[in-house]
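Dropping a structure here in structure tokens format, bear with me for questions.
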Amino acid sequence: MNGLTIILSLLVIASALGAVALRNLVHCALCLMGVFLGLAAIYLCLDAQFVGLVQILVYVGAVGILLVFAILLTRGGGAELSPFFSPSWAIGAGAAALLALIMVAAILKTDSLPAPDAGGAELPTLAQIGKRLMQEDVIVLEAMGLLLTAAAVGAIVLAMPEPPPKKEEEA
Amino acid sequence: MTSLQGFLVLSALLFCVGLGAVLTRRNVILALIGVELMLNAANLNFIAFARLGPHPNAMEGWMFVVFSIAVAAAEAAVGLALVIAIYRRLRTAHLDQMDSLKG
Amino acid sequence: MSPIVSWLWLVPALPLAAAAVLCFLPDRLRRFALPLAGGAMGLGFLLSCAALSEAARSPSAAGVHNFLWLEFGGSPLMLGWILDPLSAAMLAMVTFVGFWIFVFSAGYMAHDPHYVRFFCFLSLFASAMLGVVMANSLLLLFMCWEVMGLASYLLIGFWFHKPSAAAAAKKAFITTRIGDIGFLLGMVWLYGESGTLLFYDQGAGCLETSAIARMAGHAAGAGMMASTGISLLLFAGAVGKSGQIPLHVWLPDAMEGPTPVSALIHAATMVAAGVFLMARVYPIASALPPPPPVAQVASVASAPNAATPDAPAPAASHPSSLPSSSHEASVSAPTSVRSTPLPALCLRVMAWVGALTALFAALTAVAQTDIKRILAYSTVSQLGFMFLGLATGGVAVGMFHLLTHAFFKALLFLGAGSVIHGCHDEQDIRAMGGLRRWMPTTFVAYAIGMMALAGVPLFFSGFWSKDEILHAAALWSPSKWPFIIGVAAAFLTAFYMTRQMVYVYAGEYRGAGRGADGGGSMDPHESPSLMTIPLGALAACAILLSVLGTPVWPWFHAFLSGHAPRFEPSISLGVLVVMFLSVVLTAGGIGLGLSIYARAPSASLADEDPLEAWRPGLWQILRNRFYIDELYESSFIAWHAALGRFSAWLDDKVLGAAVESVRLAALGLAWAARLCDEFAVNLGFDEACDCLRQAAGRISRFHDGQAQRYLRFLALALSALAFWILWK
Amino acid sequence: MLGTGIIKGMVETARNFVGSYTDKERLTTVEYPEERIPAKENARQFPFLVFDGEDPQAGLRCVACQICEKECPPQCILIVKDTTKKPDYMGKMQFQPKVFDIDISVCMSCQICVEVCPFEAIKMDTEFELSRGDRFGGLLVNKTGLAKSNAHYRRIHPAEAAEVDSRLAAEKAKAEAKAKAAAAAAAPAPATADVSKK
Amino acid sequence: MMDWIREFLGMLWKTVSDQPDPKAAFLPLIPEEWRSETSVLLSIAPLMMIFPALFALTTVVERKGLGRIQNRLGPNRVGPAGFLQFAADGLKTLTKEDIVPRAADQLVHFLAPLALVVPVFLTFSVLPFGRHLVPLDLESGLLFFFAIGAATELSVFMAGWASRNKYSLLGALRAVAQMVSYEIPLILSALTVVMATGTLSLPQIVDAQAAGNGEWLARWHVFTPWGFFGFALFLVAACAEANRAPFDLPEGESEIIAGYYLEYSGFKFALFFLGEYLGLFAACGLGITLFLGGWHAPLPILERWIPSYAWFFAKLAALIGLFIWVRGTLPRVRMDQLMNLAWKFMLPLALVNLLAVALWHFLPNPLARWAASSILLAGAYVGLGRALMPPSRIGKRVYRYAPQDSR
């Protein structure tokens, strides 16, 4: 990890904490965008150009916008009114912190992680990724397309305004 | 601490922050944000292992992330549509008030 | 059989089809209603004319077309239609008058929102009437008769939002049903006697010689032949339909319907159906028992005034007479010896009923003020004349009056409609006056109708037809009273029509708040040509028809009786005497009317009638129609109500108590069963369930529907698991 | 077909664009301070007072009758009568306005003052460049500022002014004729005869 | 020092005269540790100067052009024929009071214009301006362009939401909905080129459009049926992405005053203005790169005499002129028309266009592939146009209260 990635990591963690802990939902969403952008930058630093750019395109351009719309449509633009701290909050936060502790400890304790191949192996090019997507993983790609279509249709159906209840049922 | 370990720690922390959001925040959208964070943490793991693992030229990690991003997009679309539908019916976006199945 | 007979069914079918189309016609296409209904009627008229000419060419041969309708086991039920002079004449009359009434209606009802429905009903009605006229089966006739009753109900109650109209419709329907029960019974009896309901069926019909002879020879008990009983029952139907005493009460009330309906019902069709029915079954009604011993036939005498004043009396005065063949003989033999055999009992009843109705209705008409009510009572009176004529002079006499009356009464009603229309729905003749100036066309037409009705001599058809009836009544052997009563009624007819004319057309306009000097839009006005043209057509017929039945050239009688008309330049003395008498009567009636009313026409609405001033007591009786309605109200209807109350009481207290006791018994049993079930069976089960529920409740406290709580447990468990895996 | 309308519109605007360089008819605007469109005769901005002769104050036609002050809908005219009198164009002795102010920040250019003036003393100016540094004060115009010569009036409204002048001349001639007749009638009086001789 | 200046001037000359790697001689003069940063700066600085300058010029040209289209003169006071108007405007916006509403979300309100301008500048980094002029030769340059371009939606939302003004919020939501909707036909139309050339790298795409040996006409993609339709779709979608007339609903001053930048004034407003225009330039530049042959001249002979960036900027100027022309011609569309156009017309047409590229790619015979893809696209265009705008049977309008024959 060089200096740039450390700075980015700190930025990502800070943004993530902001996204989770801020009172105003729109701020949360904007912080989440920060996490996404930071992660994309980390991906770029890890030479994962395609994935990083897709991360920005999909997460910032699509998921983020969706989130923001959902927040506004559920009147979440204002500040949250209910109290922040509560006993259940403590349980949840404690469980998360405990898990974090265990995982970090486990990672740091492990010293048998594989080292990168020193042979200077070439990273996959974009053309290779494309070939892989269109040839070997084409079934997965098709399935993904199907999934996305189904998700889009399902989302539209779910969010469609319900027809007004009929008069007879009301009466 | 190796570089890989650093990214793994970052990933673990990101995951737990997301988990914390899912476990503590009552707003559904925040829970979804937490889920997104957890997904991103997993993606980061994939990328880190793919780049800093023993076979940098293997593409499985990259492919996984690409598909995972697509799945995340689908998940966000359906999840947020569900949130909107539930909000329209219950007039609330709070998880603790969505307890129609309460025993 | 000529081809026209096999196509004759089209005459009623066309209006029926028009009605069917009209009932689906939306109101925005109302301009098609008249062409449709009127066209069907006009086509029917053309067909009827063809049929009439066919019938006139060979009057003696009736064209019959029968067909199988249903088959009950082995016995076929035939229906059919007939073309004989009677039906041909009626067909032509009904279609012709009906057509003009349709045309008139288009003007009269032009502003009604239910214009199309009205034409639908009118067409249905006309179709039913035509069916009655051309039916060759008593059953078919009865079916059409009932459809006609339904249509008249619908039409009288056309403005059903008026409570009086709805009540009148119900009254008409129920009252005629009373007569129809008689009709139905008679029909059933006829079927039992003759085995067929076809009138003419190549010798097997019930109106043909063999059946008549069989019926007339079959004693039915109470001193009557079967034919007498049947015809009396059928006559009951006719009485109901034609509004004779005592079932006349519905007819004046039926004036609540639109005026063209009044014209159609009271002039041309429905009321005439009764007369027509009797004319149709005349062979049965007039059937005499088989020829008695020669001695009685040969015995010659002329003994007028001998009959008892009441027609049913002979039968009633011998309740225990012999059940065997000759009750006529038993009546006639002790009283006197006569030149001709006494007419059949039914005809005598008919004559008396007719004569009394004629007088009664004429008296009532004198004191009415509603222009349509006067005409309605006049109709009742004229129908009495028709029955009198039918009974005394035979089919031709009655039918001739029916036809002439149809034209001039339709004319009068349409004229009244025109007057009402012109006076903005005013019906009280006291509120009219002076309309001669405002509505000259209507006045002329109405005057022609009035003169025809009153019997002004020579040029008006009513004179000839009524004259014939009087003549026949005068020659009637059993009694002279019907003749005298008829004469009085004829006199009164002229009188009340003069009264009405003077009220409506003479003097000054008396409409409230309007008048000649007002010059406002509420002035009376002449009706549109769509309404005056029918008036003209009918007026022409009211005059022209007189040529068909003059004693000099009795074409119509000859036509009906099936032989060629003869030209008789010489008129017998009797005829001349009666004719003279009726001229005097008419002149007297008109003169009296003029002298009472025209000398000092009443100036305002509030003026009391001169007759009222003269004899208030009598006036009140006449004004209230002899209190017949009230009599019915306090007798039959009250009795019915009492019976109904008694039935309700019986149902509630006696039958209800029985049902209640059964219910209580069942309830007691159920109680016992339930106790057993609850305390014996359920207790153990309930306990078990409760245990389960409580246990489940404790467990389900974790399942509070909070997704996050589940997740928290999951996270804790995950941490524990990871911890255990890593540092076990 | 979809798009033909767009192309037609584009052609039309292109014609406008090119035409604005080549065709004077299409480009109707002018660069204002350098170029001006001559004022139309019927243009009206704010009223001014007409004077005859050389001296703006002495020659004012206004006689302080105050009709315009009463009629003015926004009440932007203030007139104070002077105590002295001087003869008007017909020789009648009339009052003078001591103060005649118009607040043109209030004036709405309705021209009612002009319509009601019986002395042809107030007219509408075509001057429109009236902007001032001060928001209100500079727009309160006094008698001196309002007085403009009849020549100016003739220049800005030639037709109207010609008509007014001829009418005034005619009235003046009539009045003089009358005065002459009156003088002739009063001829025996020597004092008046002297006056008329002058 | 003299060396330094000489090499710097030499670098400029090499840049201007289209020579490869102009920085090669200059960079070694820089100390080792500053070299990469200097190189980046040398790439960025021209961008940061040229495009804002172009923006300044465009504002004036646009106003003058619109004026001429509407028979007016346009700006004509500042400088020769008014061409220094942009300076006056810039000074004005810089010196204006910066007003932030009290209820606004201060931080987000401040960040929004920056978040708009930064990605827009970033997008220029992958555009090849000339033969050797591409600041960042990314393997997936096109993806970079769209990914960064998508981030501007977020800044628009930030601006609208942070202003705490319902008109701003409405304008922002409209703008975001519009941009999201039009991004799809935009990307799909660009994808045709990717399908045809098989690369995401913009310089390679430009190279693919160069004329072959002995050909006298360049092989611009716009000269093919699918390229023509793709270019048209791309232009319309870019117009909507840049919120330009006739798709300037998010501003919609007659209904929502000025949309998402209603509450911005002074320099922040100028930044929005700048961001919008730079977005337009970037979109035009991408269009040129994808369809109009990039920096290639239409006739290969001309490339010898006129430098490559001149061709690029000439095409850019032409496209900007086209947008000005369209803005002066077409009225603003309605929201439903906007959405209908995107989802019911452009999206299906873009999909058909993809099919047409596939046909083009797989049919061997030049004549056959011309005919096939032309017929396919023309049919789709006519059919979709009919479906979107059914021939309306509108009778002569009748006024209820006016006399019928007063015309």
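Just so it is clear, A, B, C, D and E label the chains in written order, and each chain counts residues from 1 on its own.
The definition used in the following text is that a contact is a pair of C-beta atoms (placed from the backbone, for glycine too) under 8 Å apart; a residue touches a chain by one contact, two chains touch by 3 or more.
Predicted model only: the values in this text are computed from it and were never measured.
Contact with subunit B and subunit D alike is made by no chain in this entry. The chains touching subunit B as well as subunit C are A. In this assembly, the chain whose C-alpha centre lies farthest from subunit D is C. With centres computed from CA atoms alone, E is the chain lying nearest the middle of all the protein shown. Comparing mean CA positions across the assembly, the chain most remote from subunit B is C.
Top-ranked chain pair, ordered by C-beta pairs in contact, is A-B.
Measuring from the averaged C-alpha position of subunit A to that of subunit E gives a distance of 30 Å.
Centre-to-centre, using mean CA coordinates, subunit C is 92 Å away from subunit E. The geometric centre of subunit D is 58 Å away from that of subunit E, both derived from CA atoms. Centre-to-centre spacing of subunit B and subunit E amounts to 35 Å, using the average Cα coordinate of each chain. Residue positions 50, 54, 62, 69, 88, 91-92, 95-96, 99, 103 of subunit A each touch two or more of the other chains.
Among the residues of subunit C, those in touch with two or more other chains are 708, 711-712, 715. Shared interface positions of subunit D, i.e. residues touching 2 or more other chains, are not present.
The list of touching chain pairs reads A-B, A-C, A-E, B-C, D-E.
Looking at the complex, you find that subunit B touches subunit C at residues 19, 22-24, 26, 31, 95-96, 98-103.
Interface residues of subunit A facing subunit B in the complex, by the touch rule stated above, are 1, 5-6, 9, 12-13, 16-17, 19-20, 25, 28-29, 32, 35-36, 39, 42-43, 46-48, 50-51, 54-55, 58-59, 62-63, 66-67, 69-71, 73-76, 80, 82, 88-89, 91-93, 95-97, 99-100, 103-104, 107-108, 110, 113-117, 121-124, 128-129, 132-133, 137, 140, 144, 147-148, 150-152, 154-156, 158-159, 161-162.
Looking at the complex, you find that subunit E touches subunit A at residues 105, 108, 138-140, 143-144, 146-148, 150-151, 153-154, 157-158, 161, 169, 173, 176, 180, 183, 198-200. Of all residues in subunit E, only 65, 68-73, 76, 325-326, 328-330, 345, 381-382, 384-386, 388-389 touch subunit D in the complex they form.
Only residues 1-10, 12-30, 32-34, 36-37, 40, 43-44, 47-48, 50-57, 59, 62-63, 65-67, 69-78, 80-85, 87-89, 93-94 of subunit B touch subunit A when the two sit together in their complex.
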